[in-house]
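You will see chain A twice below: alongside chain B first, and alongside chain C after that.
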Partner chain A sequence: MPRTSVTDIEQTVRRFVAEKLSIEAEAVDLDTDLRSLPRFDSIHALQIVLEIEQHYDIEVENRVVFETSTVRDFAAAIATVIAEAGAEPLS
Partner chain B sequence: MTLFAALARVAAQGSGRGMHVLRRGQNGDALSYGDLFAEAGRVAAGLLSRGVRPGERVALVLPTSVNFARAFFGVLAAGAVAVPLPGPAPFGSSDAYLRRTSAALRRSRVRTVLTAPAMLPLLGPGLSDGAGPVDVLLVREVTEPAAAHIARTASDPAVIQYTSGTSSEPRGVVLSHGNVAAGVEAIAHGTRLTGNDVGCTWLPLFHDMGLIGSFLTPLLHDVDIHLLTPEDYLRSPQDWIRAMGRLGATFTMAPDSGYRYVLRRDAAVPAGLDLSRWRIAVNGAEPVDPKLQDAFVGRFAPAGLSENVFLPAYGLAEATLAVAFPPLGRPAKVLRADRDELNRGRYVPVPSDPGRPCRKLVSVGTPVRRTEVRLTTASGEPAAPGTIGAVEVRGASVTSTGYDHHSEESRRVLLPGGWLATGDLGLQHDGELYIVGRTKEVIIVFGANHWASDIEAVVRDTPDLPVHGILAEQIWNDEGGRLGLVVETTQHDEAFRRATTERIRARVVAELGITPDTIEFVRRGGIARTSSGKALRRPPSSDTRMSSSRA
Partner chain C sequence: MPSPTVTLLTPTTVVSPAERLTVPTFGDVVVDRPAHADWQRYLHELDPTTELAAVWISADAEPLPAVRALRSLTRFDRTRVYVVGPDTAGPVPGWAEALDVEDIVRPAAVAPEGLTTSVELALRAHRALMTDDLYTDFYLDMTFNKIFDWFETTRWDWKEVDLDRIEHGMLDERTVDFLTEAAVIEFGTLPGAHNFLREWQDEVSFSSWALQWGAEESRHSLVQARYLDQIGVKLRSKHALYKREPYPQGDVRSATLMMNVISESRASALYKALAAHISEPVIRKIWRLLARDEARHCRAFSVFMRELCDSNPAHQTAALSMAYIWLADRGNGVKHPAGMFYPHSTSAAGIRRIETIQQDSVDAADAKVMSIVRLLADDDSLETPRDIKAKLRDLARRSGAR
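Let's look at the complex of A and B:
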């Protein structure tokens, strides 16, 4: 996936996570366990997934993000969904 | 009457009504109750040919879908007992999920699990390892061309309702066909449900309010239902409200947190929204907050929402859901109780004076049909009117068995004379019931019960965590029910606390899907204990939420 680079997705994920949890994006490292962040529970997780879905115009099944814990894993899972959907990100 | 016989009666009416699944706000799969009856018999045939025996427990790990309905009634038609269990949550740990699901399967001696293709890769290998020999099957795999049906009686078990999702110490309420039939009848009667009604809900079907209230009650009364998945609701709660309007839905049900979530996520009322047909919003599973109800009605009044739409209800899984309902179509009846007197066990009214601290108690009305409620003091005497007692219930919908293969817990709740200890505290005033607290040690988060002891064990088992005592506490805030933790430790430096906080959060979310809003560190011995070493829970902070000082 040339332009839909995993790095872009990682940055997008960091931004959405920070926005939803009302924390600084700098507090979210690629290898931070998202579950260790304040307010991150299954409800906020779903909200973050929704933002990602709208942003990339994809549909992410629960099982895709099951057992995911870091931005790096999460972004990799999203990259796979985007590749399978054959969709280009909107930005 | 058995539940399959009740479905047969609905199917025979041939009304064409049925269940509809909404996906991402759009119409999805639909299944008429007539077709459901026919197809459930075909699922039963497949289960029987695989050796499922009458009375055997069969688990359902299925999303909100028409296949859930086929599987649920298929299990009943086979003479077996349905055990609905949750699926995995995003960002959960598969190890924790499988361990907890296996614990429930072992407890109920489950040998067969019905599931959906998306869950098969996880459940197939995982459960067979953890729970002994378990067949994990797809609903379509067990659907055969010809239908079968094994007759059961009203006293046979129909459903095992696990009450706190999955827990390390799972407790599944045994509900007979007669219990469930009486439970759905009581709810339909209390809400004056008719064929002109239309239901629209998002509650998960493994949850008692979702299964009994939002699914079986309308279904067994031949009432159309539209079900959103809980995931779609959480992603976009306004999809629920829009669907209520678009479908002309007349009733729904949710915990207080569920309505609160709508107000918090979306400030706008969609243009053209018409909620004028919506007549009932059952509010249950959590303490009822009159301010939330007022705020919700206020928000949607421009869309025609009735000001008396809320029905603050009291119930529990052990009573097949509903215990008490207020009369329909009246404003919430609210007592302003003196806080200190209430803590001493009695209701003393506080005059309407904005400065005066008080706790507002919302009436949950009177017992539903074929149900009795009594309040008992610690010494076993009837509580006098206006004084707090333990809430005990008896009736046609109340379990007579208790918990599946758990005689110790069952003995604790089953009282002489057919009464059941609810673990809740209440008072009666002017013939109506008010719930004021509870003795059972559960933490309610978004309408779901979590045993405090289970949460504490999860924290305690965090690897290499140098803490001593752990206490889980109920918090109430603008989001509804939340979890707070108190942690005893001898280490005081900031870096230790930060790292420990992160590790506790990560573990609790991975195991339970919820996160502590607060983690308070106290010195060793800082958690108050009884002489036997049992931690003393401080009263939940719900008192402040109900207070007029925040009005």
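Let's look at the complex of A and C:
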């Protein structure tokens, strides 16, 4: 698995969130509560998670789908999964 | 999306070039005028992406074989057909109904001054057929007719519930609390029924069954409210009004149906648990009847859901996504529409309290839902919500590879 920095992951998450919700990536701040974004709901959260899983070839736990509230938290959770899968993300 | 096409088949041997007509509600429409002699070739060579909405066939152009030729091709099953002739007063010939001819109309209907109105009516009829995902040619072929008798013959009778035989001494505060909560939770039926009819407004089969479902569910609040009344507890009607405000309708019908499959399965399990833990015979009987009702509803919702999913893989993905969301997340207690969608509702807390009576009852309900999910996905390996997510990843990968 290629080494990936947390910053890269954050930017990737922002891009997927913006694309899925049809909003500008700039509107998705790292610390914005995802649930405050227009059209964000559990189904969109699942769709974003599925795309992230496919992008990094990983699997995240169910709780990440339902409990993660910001891009920063989400990226951190993904970085942890990537690290556990064998490639230490760059900090 | 390409403009819809309508065709005027006349007895001439001259092919006219296609024209465009602008219809107020539908915009641009292509008007073809093929020659009578070219009819078969025209039908076979029509671009596969063309939406042939309606055909007018002159009574002088041998309408019966022309309509037969059209109907022999399944892609034109829903094309509306009009026969144009001077004699519209007599009885409609039997073959016209057999071949789904919409109407016999006068020549003025296709004259330049009347054509726009005729095309608009035809497009409305065609669009109505095309937007119904579960459309069947014949009314009695619809799923509503297939499950109607099952519902009629398994509905409980009010005579089975004798409120004069309540054993008051066998009731305690906790039972009355559960009973009140259950009656209030059941008020979620009305906004649910409103939403079903809104979400399925251009459809017949599920909408018809939704009326049956609503009628049965409305008895659930009533029978429990009458029981409460009999023991001196008055249920306030505010619970059925501002505490059950309308909520946004769903985006995808199969997902809405999956949500109801799960909530009905859970409701059935909770009523069964309540009945198993109460000794007072009248409320035990009521809760058993309601558990049976909810289990019947779960099965019926799953029938309509599978019908949609079998016809369209996008419906399958939407239903599986909803199954994952509802089965994987119990972080804030069991999800049920009655507790989720209403800002003033207290039902989420009520459901959590009822669940405490038998903690594994929802697990049993969800295990039944997983068997429905396996059938839906045609995958016997699915055991957990995690497996559903893996299936969704796999479906996305496959659709991306195509």
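Note that the second predicted complex is superposed on the first by the 80 of 91 C-alpha atoms of A that agree within 3 Å, B and C clash if a C-alpha of one lies under 4 Å from a C-alpha of the other, contacts with A are read in each partner's own complex, and residues count from 1 in each chain.
One rule holds for everything that comes next: a contact is a pair of C-beta atoms (placed from the backbone, for glycine too) under 8 Å apart; a residue touches a chain by one contact, two chains touch by 3 or more.
Model, not experiment: these values are computed from the prediction.
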Chain A residues touched - chain C or chain B, whichever exceeds: B
Could you look at A:L46 and tell me whether it touches chain B, chain C, both or neither (first, second, both, neither)? both
Classify the contacts of A:L37 with the two partner chains as first (chain B alone), second (chain C alone), both, or neither. first
Is A:D8 in contact with chain B, with chain C, with both, or with neither (first, second, both, neither)? neither
So which bits of chain A does chain B touch that chain C touches too? 42-43, 46-47, 49-50, 59, 62-63, 65-67
Touch list for chain A against partner chain C, complex: 42-43, 46-47, 49-51, 53-54, 59, 62-63, 65-67
Complex contacts: residues of chain A adjacent to chain B: 33-43, 45-47, 49-50, 59, 61-63, 65-69
Along chain B, where are the residues that touch chain A in the complex? 24, 87-94, 118-119, 121-122, 231, 234-236, 261, 446, 502-503, 505-506, 509-510, 513-515, 517
Inside the complex, what are the residues of chain C that reach chain A? 251, 255, 321-322, 324-325, 328-329, 331, 385-386, 389-390, 392-393, 396-397, 400
